[in-house]
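When the chains are written out, they are named A, B, C and D in that same order, and each has its own residue count from 1.
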Amino acid sequence: MYRETQIIEADNKADGDDLVINVGPQHPATHGVLHLVIRLQGETIQKVEPHLGYIHRSIEKMCESLSYRQFIYVTSRMDYLSAHINNHACAMCVEKALQLEVPPRARVIRVLMDELTRIASHELWWGAMAMDLGAFTPFFYAFRERETINDIMEETCGARLTMNYMVPGGVMYDLHPNFQQRVKNFIQLFNNKIDEYDDLVTGNIIFQNRTKGVGVLTKEDAISFGCTGPVGRASGVSCDIRKLYPYEVYDKVSFDEIIEMGGDSFSRYLVRIKELRQSIRIIEQLIDNIPEGDIQAKTKAVLKLPKGEFYSRAETARGELGVYIVSEGGTTPYRIKFRSPGFSNLSALDHISRGSKIGDLMAIMGTLDLVIPDIDR
Amino acid sequence: MTNNELKDHITQGQPSAVFDETGEWLNVQVEAGEWKAFANWLRHDALQMDYLFCLTCIDWPQTKHLMMVYHFTSTTFRHNVVIKVKLDRNNAEIETVSDIWRTAEFHEREVYDLFGVRFLHHPDLRRLILTDDFEGHPLKKDFEDPVNMIKL
Amino acid sequence: MAFLKEYISDVYRAVASLLKGMKTTGSYFIRPKEIITQQYPDNRAQMKLPERFRGEVVMAHDDNNEHACTGCTACELACPNATIKIVTKFDTTPEGKKKKALDTFVYHLELCTMCNLCVEACPTSAIKMAQTFEHSVYDRNQLLKKLNKPGSKIRAGVE
Amino acid sequence: MFSLEHITNSIQQWLYSTFSPTMALILECAIVMLLVIGLFATLGLVLVLMERKVAARMQIRLGPNRVGPKGILQTTADTLKLMMKEGLTPNGADKFLFNLAPFIVMIAAMLILAPIAFAKGFQIWDINIGVLYVSAVSSVSVIGILMAGWASNNKYSLLGAMRSGAQIVSYELSAGLSIISIVVLSGSLQISEIVASQQTGWWLFRGHIPAIISFVIFIIAVTAETNRAPFDLAEAESELTAGFHTEYSGMKFALLFLAEYINIFIVCAIGATLFLGGWMPLHIGNWEGFNHTMDYVPSSVWFMGKTFFLIFLIMWFRWTFPRLRIDQLLSLEWKYLLPISMFNLLLITLIAIMGWHF
């Protein structure tokens, strides 16, 4: 059904000098259909008000009518850049409820896929954020590496973006015979190219000036706003679910939780760039040590969860994803709640962008790494 | 802190709390009227529950109530607790906690939008996702929308 | 004087960082073999999608125009979007018994999300995912497909 | 040897011998107008294609390659498309100013073309205050941009136009100062004399480090003046969607777009004239043999080569750097470029007075 865009005019309370601008729902920097109503004094932002719902599909309601095997595929469409991790969190929640033991091979495969997804997501973020700041070329360099990951995914999982590879009890297929070699090739390519990222963007004086001290989120605010993932960690909050509540084999691999204390856009940038290397580190440790064995635990054809409430958490590329299932003992969930990281991160946008310039808003939105379907669900 | 210790603490702060330990974390049920004071106590007193990571609502049409569910973690002590508040389904009202946890501001607007729970003293209680003139609350179990919902 | 020194070193560092970036892009400018563009419609012949790629659901028929679908509707139940509709009929076996068999396998490509759950659910591996991906048509109705070929029947021995 | 000077001279002689002087002048004007418009059209096509190809190569992709051999007809196709599109005028816009703005921008760009020496003796108007004329007329285009932004009745356009105004006015200072440094060295405002003064070598090399500094400042300032990345704040795609030309479509958009590229060409031509000797071949001191060999290359090729080298440089900037913020843009001008160029001008004056240049 067609719905008219709400254009918010300056209300009577506003000072006559204020300029109200609708950024979005169609705007190059909002990466989707986020609609921000910003109130400006000159070029200085007085207030940012997000208007959501342009692609709200009510996934939570949809899931109430889908079985426990079926609902997982829908979650790929939430944060489409970390589709594997969303699926993983849902599969984990079902496994937790059924008390299924996932075979060791499937655990390792899941972690490998999660980390590859994280790299792909951060790559896309890096390119898109540079584009928000006016540098177009990094986007293409980022996509070159991301494309390699997508090809690997396509070969093993059968799709490039919405893989639906995680199923309750394990993974859908075994790894493709080429998988290990291709991942190793990718690591080599990536290590060759990552220095370019620093030359092109990280070290660039214009980029640093654009992001340093912009959109500062203090530690207390980050916790209060529920900011997780790179956004929270850039403010000094230790919130990596992989470290705090290790799932699968994250407690057996060594990696660092990247924490920066600055809280500004540049810190958020640094956290993600450093996380890329940590993900590579995890993959390097696991790629040669994939245990043999089953890829799926034995499950019944129709899954029935016991009555109760189940919550599982996973670290997506954007932060903590929570899956909260309330079961009445049937084949479909009674209620599902997805605690999406983007939603909480977005709520901090108004707070941190007040008093900065329009150009800063793009830097802040770029480094918050907003994926709109994740926020709207 | 183990669940038992948490229980002891919470009983001191809120003697009327009802506990339920079937889930992964300790579930505490409190009355809607006592919620605001209890929330303040949770945040600022010994438990230091500073991170509200999930705020949602569940609709139970059979027993005619809505259940607000708050998931808390303390970033200092790393203990989790789940708080539940039962509300009347036809007249759902609860005090906001957006002044204690800023993240609640958005989450409460979402719950208001999708469940129709009114949060008293919320700074900006408007529909977040749907248009202002939308009728009904889609996540309620009895919501019907013949135009936009496709029955499979 | 310290101010001046700082000022000059600021300028120097800024210019150096900018030149570094220009070196990166400039080096790609003079190396055309780094170009990764695929000339898509021209390279259809060489383009090979991996065998697991999920393009659309197809039903495998052998040379005798026989398929393996028993019409058990496991795929229909597994599908989250009601993409598949199976119409069954009753065949009479040589012994004179009535047996349920597939009449039409209706597949709505326009509803399909390529989640592979139907293929996973199929007990007889009658359906599989094809690697085609160029599904654009001018009319939505053309996306409604009947997967079993006309006149096809179930392969002997498949239960 | 091929020379444009002979051709123009013979045409002029023929005109004056056939028609009355007034008639000849009018005909000359007509020819010049046709040439200028033709040049603009070709330049627009060539530069847009060049930009897209350069961008593609830097971004590890192929760029336009479907229309015509290797995609060389792509921009022609784009122009055709723009011509056939409907030129919308928004309802709330000031119709007269909205429609006038693209022409002002375009005419300002055309005017600057007059004193540029394309080759030896191939110049529309060798006015004796050439450089002053160029820097005066180049500021007219900001009026067109402000007009476009204001008349669109669009908040994005307005913000873009205001940014553009602040930006062009500030950067004109340091561009002017670096132009003056060459005027000081050559001792003339006339373009032909400035070119002639580089007979023994280009000012970029002859003026020691101060000349190089003023060249760098000139390039930065003209990049800002033409609203090119990293100073494209007036357009700032990711911030203001398209800035001052958000509401333009069809041919009016094409004119603004074309004017942008023409402006790049003109500032690069001026840069090439002032710092790289214009049409003057590469001469080094008194190496007679070398200088003589260089003279065999036609002067128009030298001029175009230098200009396109500078254009490439500016394109290279665009595809490498992120955009500055408005306050950083202004502080770059007022805190760095202006003091440096003023100090630099002092040094150059000293060099010129003492005759220390080569």
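Assume a contact is a pair of C-beta atoms (placed from the backbone, for glycine too) under 8 Å apart; a residue touches a chain by one contact, two chains touch by 3 or more.
Predicted model only: the values in this text are computed from it and were never measured.
Enquirer: Can you name the chain that lies farthest from chain A, using the mean of each chain's Cα atoms as its centre?
Expert: Centre of mass proxy via C-alpha means gives D as farthest from chain A.
Enquirer: Using mean CA coordinates as chain centres, what's the chain B-chain C distance in Å?
Expert: From the centre of chain B to the centre of chain C is 41 Å.
Enquirer: What whole-Å value do you get for the distance between chain A and chain C if each is reduced to the mean of its CA atoms?
Expert: Whole-Å distance between the two chain centres: 24.
Enquirer: Nearest whole angstrom, what separates the Cα centre of chain A from the Cα centre of chain D?
Expert: Between these chains, centre-to-centre, one finds 45 Å.
Enquirer: Which parts of chain B, given as residue numbers and ranges, touch two or more other chains?
Expert: In chain B, 152 touch at least two other chains.
Enquirer: In chain A, what residues contact two or more other chains?
Expert: Within chain A, the residues that touch at least two other chains are 137, 144, 200-201, 204, 206.
Enquirer: Please set out, as single numbers or ranges, the residues of chain D touching at least two other chains.
Expert: 58-61, 319-321
Enquirer: With touch defined as at the top, which chains are paired up in contact here?
Expert: A-B, A-C, A-D, C-D
Enquirer: If we count contacts the way the header does, which residues on chain A are in touch with chain D in the complex?
Expert: So the residues of chain A in touch with chain D come to 19, 21, 27-29, 43, 130-137, 139-141, 144, 200-201, 204, 206-207, 209-210, 357-362.
Enquirer: Mind listing the chain A positions that touch chain C in their complex?
Expert: That would be residues 66-67, 69-71, 73-74, 137, 144, 147, 154-159, 162, 164, 167, 172-173, 176, 196, 199-201, 203-206, 301 of chain A.
Enquirer: Could you pull out which chain C residues touch chain D in their complex?
Expert: Touch residues, chain C against chain D: 11, 18, 21-22, 24-26, 28-29, 32, 34-37, 39.
Enquirer: For the complex, which residues does chain D have touching chain C?
Expert: 54, 57-62, 65, 316-317, 319-321, 336, 340
Enquirer: Within their complex, state which residues of chain A touch chain B.
Expert: Within the complex, chain A contacts chain B at residues 1, 3, 6, 52-53, 56, 58, 60-61, 65, 96, 221, 223-226, 228, 237-239, 244, 308-311, 320, 322, 324, 326, 334-335, 337, 339, 343-344, 346-348, 351, 376.
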